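Mind looking over this structure? Questions follow.
By written order: A, B, C, D, E and F. Residues from 1 in each chain.
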Amino acid sequence: MRVSARNKLPGVVSEIQSDGLMAKVSIRLGDNHIVALITAESVAELELKVGDNVTALVKSTSVMLAKA
Amino acid sequence: MRVSARNKLPGVVSEIQSDGLMAKVSIRLGDNHIVALITAESVAELELKVGDNVTALVKSTSVMLAKA
Amino acid sequence: MRVSARNKLPGVVSEIQSDGLMAKVSIRLGDNHIVALITAESVAELELKVGDNVTALVKSTSVMLAKA
Amino acid sequence: MRVSARNKLPGVVSEIQSDGLMAKVSIRLGDNHIVALITAESVAELELKVGDNVTALVKSTSVMLAKA
Amino acid sequence: MRVSARNKLPGVVSEIQSDGLMAKVSIRLGDNHIVALITAESVAELELKVGDNVTALVKSTSVMLAKA
Amino acid sequence: MRVSARNKLPGVVSEIQSDGLMAKVSIRLGDNHIVALITAESVAELELKVGDNVTALVKSTSVMLAKA
């Protein structure tokens, strides 16, 4: 399956915190890390666990830029 | 200035394509790259050019995860 | 590949309008239709054309509700 | 009132789960279903309940496409 | 019609720039101003013109905060 | 630091509700008010409290318009 999202960042799940409807998933991405806030239902459906290889998908319209 | 966005990815602008109201800015981020679709007005206001150090800001609610 | 997005709506591409960096893709979805604004680059990369079977992905945090 | 969102999908509320600040609202939409993650405050303000006719609003910039 | 969006900011259209598929609409909001990037099709469908009273709708999940 | 977001609305924090992973922050903005749904982690990291001067950042692609 190919996805239109311009940003597909491969990483490894380093932490999952679930609370009620929501879950915060941290992904190690080389020297950076990415945080995804998704539903707890998605965590269950994808059977996400620490150590999983995942891809973070971000639409290019959702990215802002900051410059010092 | 501190920003609430959980994802602040530092990188270097590698390409800027402007067309009418919109601009597509590519950022090199270690081995990855990120694409931001912003207004051409923002590119002008931030005086963005290839080689600039920038930070890509992404709210954690805008990140999806995919698993093979 | 499984995606965390809660909304995965299968449909058929009914129209593609490209203009510069952007493209507007219309998808027929039973009696409804969905419009996606994506990059022209994504249309090229996915080789999207009228008649293609696609899935519209929408994160649940991006959905608002209106009631009469 | 007319709204600029390109996607206005009429459906029927099939389930509401509230937890703290957030609520997950499921909407039946013909053969599909849509999930909206909104604030519990919105659920109260719109007096949403199972069986209500609602319209799911999604901006076209929030839609991604996947192709097999 | 009531909308779940937490942010409903009433203002007056002060400028509309259309270019291809996209349009940038500026709204005066007391001492502030808001910019909306919507489709040119939405501008046509809502018959938006300078001087119109409109409401800017923003989902609370789309708002970030910055602090000096 | 300059940010590409077109909408930078200065205001004062009037209320913070935290619940698990999420927090709802209300900002007074002249005669209007804005609600931001951010992570509780962001509230802690920015040391947000009632009375703080903050700027609400909203990307122009996240704004919809409604007209009566």
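In the analysis below, a residue touches a chain if its C-beta (ideal position, glycine included) is under 8 Å from a C-beta of that chain, and two chains touch if they have at least 3 such contacts.
Since the model is a prediction, treat every value here as computed from it, not as a measurement.
*Asks:* According to the touch definition, list the chains common to the neighbour sets of subunit B and subunit E.
*Replies:* Neighbours common to subunit B and subunit E are C, F.
*Asks:* In how few steps can one go from subunit D to subunit F if every step must land on a touching chain?
*Replies:* Graph distance in the chain contact network comes out at 1.
*Asks:* Of the pairs given as D-E, A-C or D-F, which one copies B-E, with over half of its contacts the same by residue number?
*Replies:* D-F
*Asks:* Quick one: compare the interface residues of subunit A with those of subunit F and tell me same or different, with half as the dividing line.
*Replies:* Mostly different residues.
*Asks:* From the centre of subunit A, which chain's CA centre is farthest?
*Replies:* E
*Asks:* How big is the gap, in whole Å, between where the Cα atoms of subunit B centre and where those of subunit D centre?
*Replies:* 29
*Asks:* Roughly how far is subunit A from subunit B, centre to centre by C-alpha average, rounded to an integer in Å?
*Replies:* Once rounded, the distance between the two centres reads 17 Å.
*Asks:* Which residues does subunit E have that touch at least 2 chains other than itself?
*Replies:* In subunit E, residues 1-6, 20, 22, 24, 35-39, 41-42, 46, 55, 57, 59-62, 64-68 touch at least two other chains, as defined above.
*Asks:* If you go through all the chains, which pairs of them touch?
*Replies:* Those chain pairs satisfying the definition are A-B, A-C, A-D, A-F, B-C, B-E, B-F, C-D, C-E, D-E, D-F, E-F.
*Asks:* Once bound in the complex, which stretches of subunit A touch subunit F?
*Replies:* 17, 19-20, 22-24, 35, 37, 61-62, 64-68
*Asks:* If we count contacts the way the header does, which residues on subunit A are in touch with subunit D in the complex?
*Replies:* It is residues 1-5, 20-22, 39, 41, 57, 59, 61 of subunit A that touch subunit D.
*Asks:* Given the complex with subunit D, which residues does subunit C contribute to the contact?
*Replies:* For subunit C paired with subunit D, touching residues are 3, 5-10, 24-25, 27, 29-32, 34-38, 42, 46-48, 52-68.
*Asks:* For a test of understanding, state which residues of subunit F touch subunit B in their complex under the given definition.
*Replies:* 1-6, 36-39, 41-43, 45-46, 55, 57, 60-61
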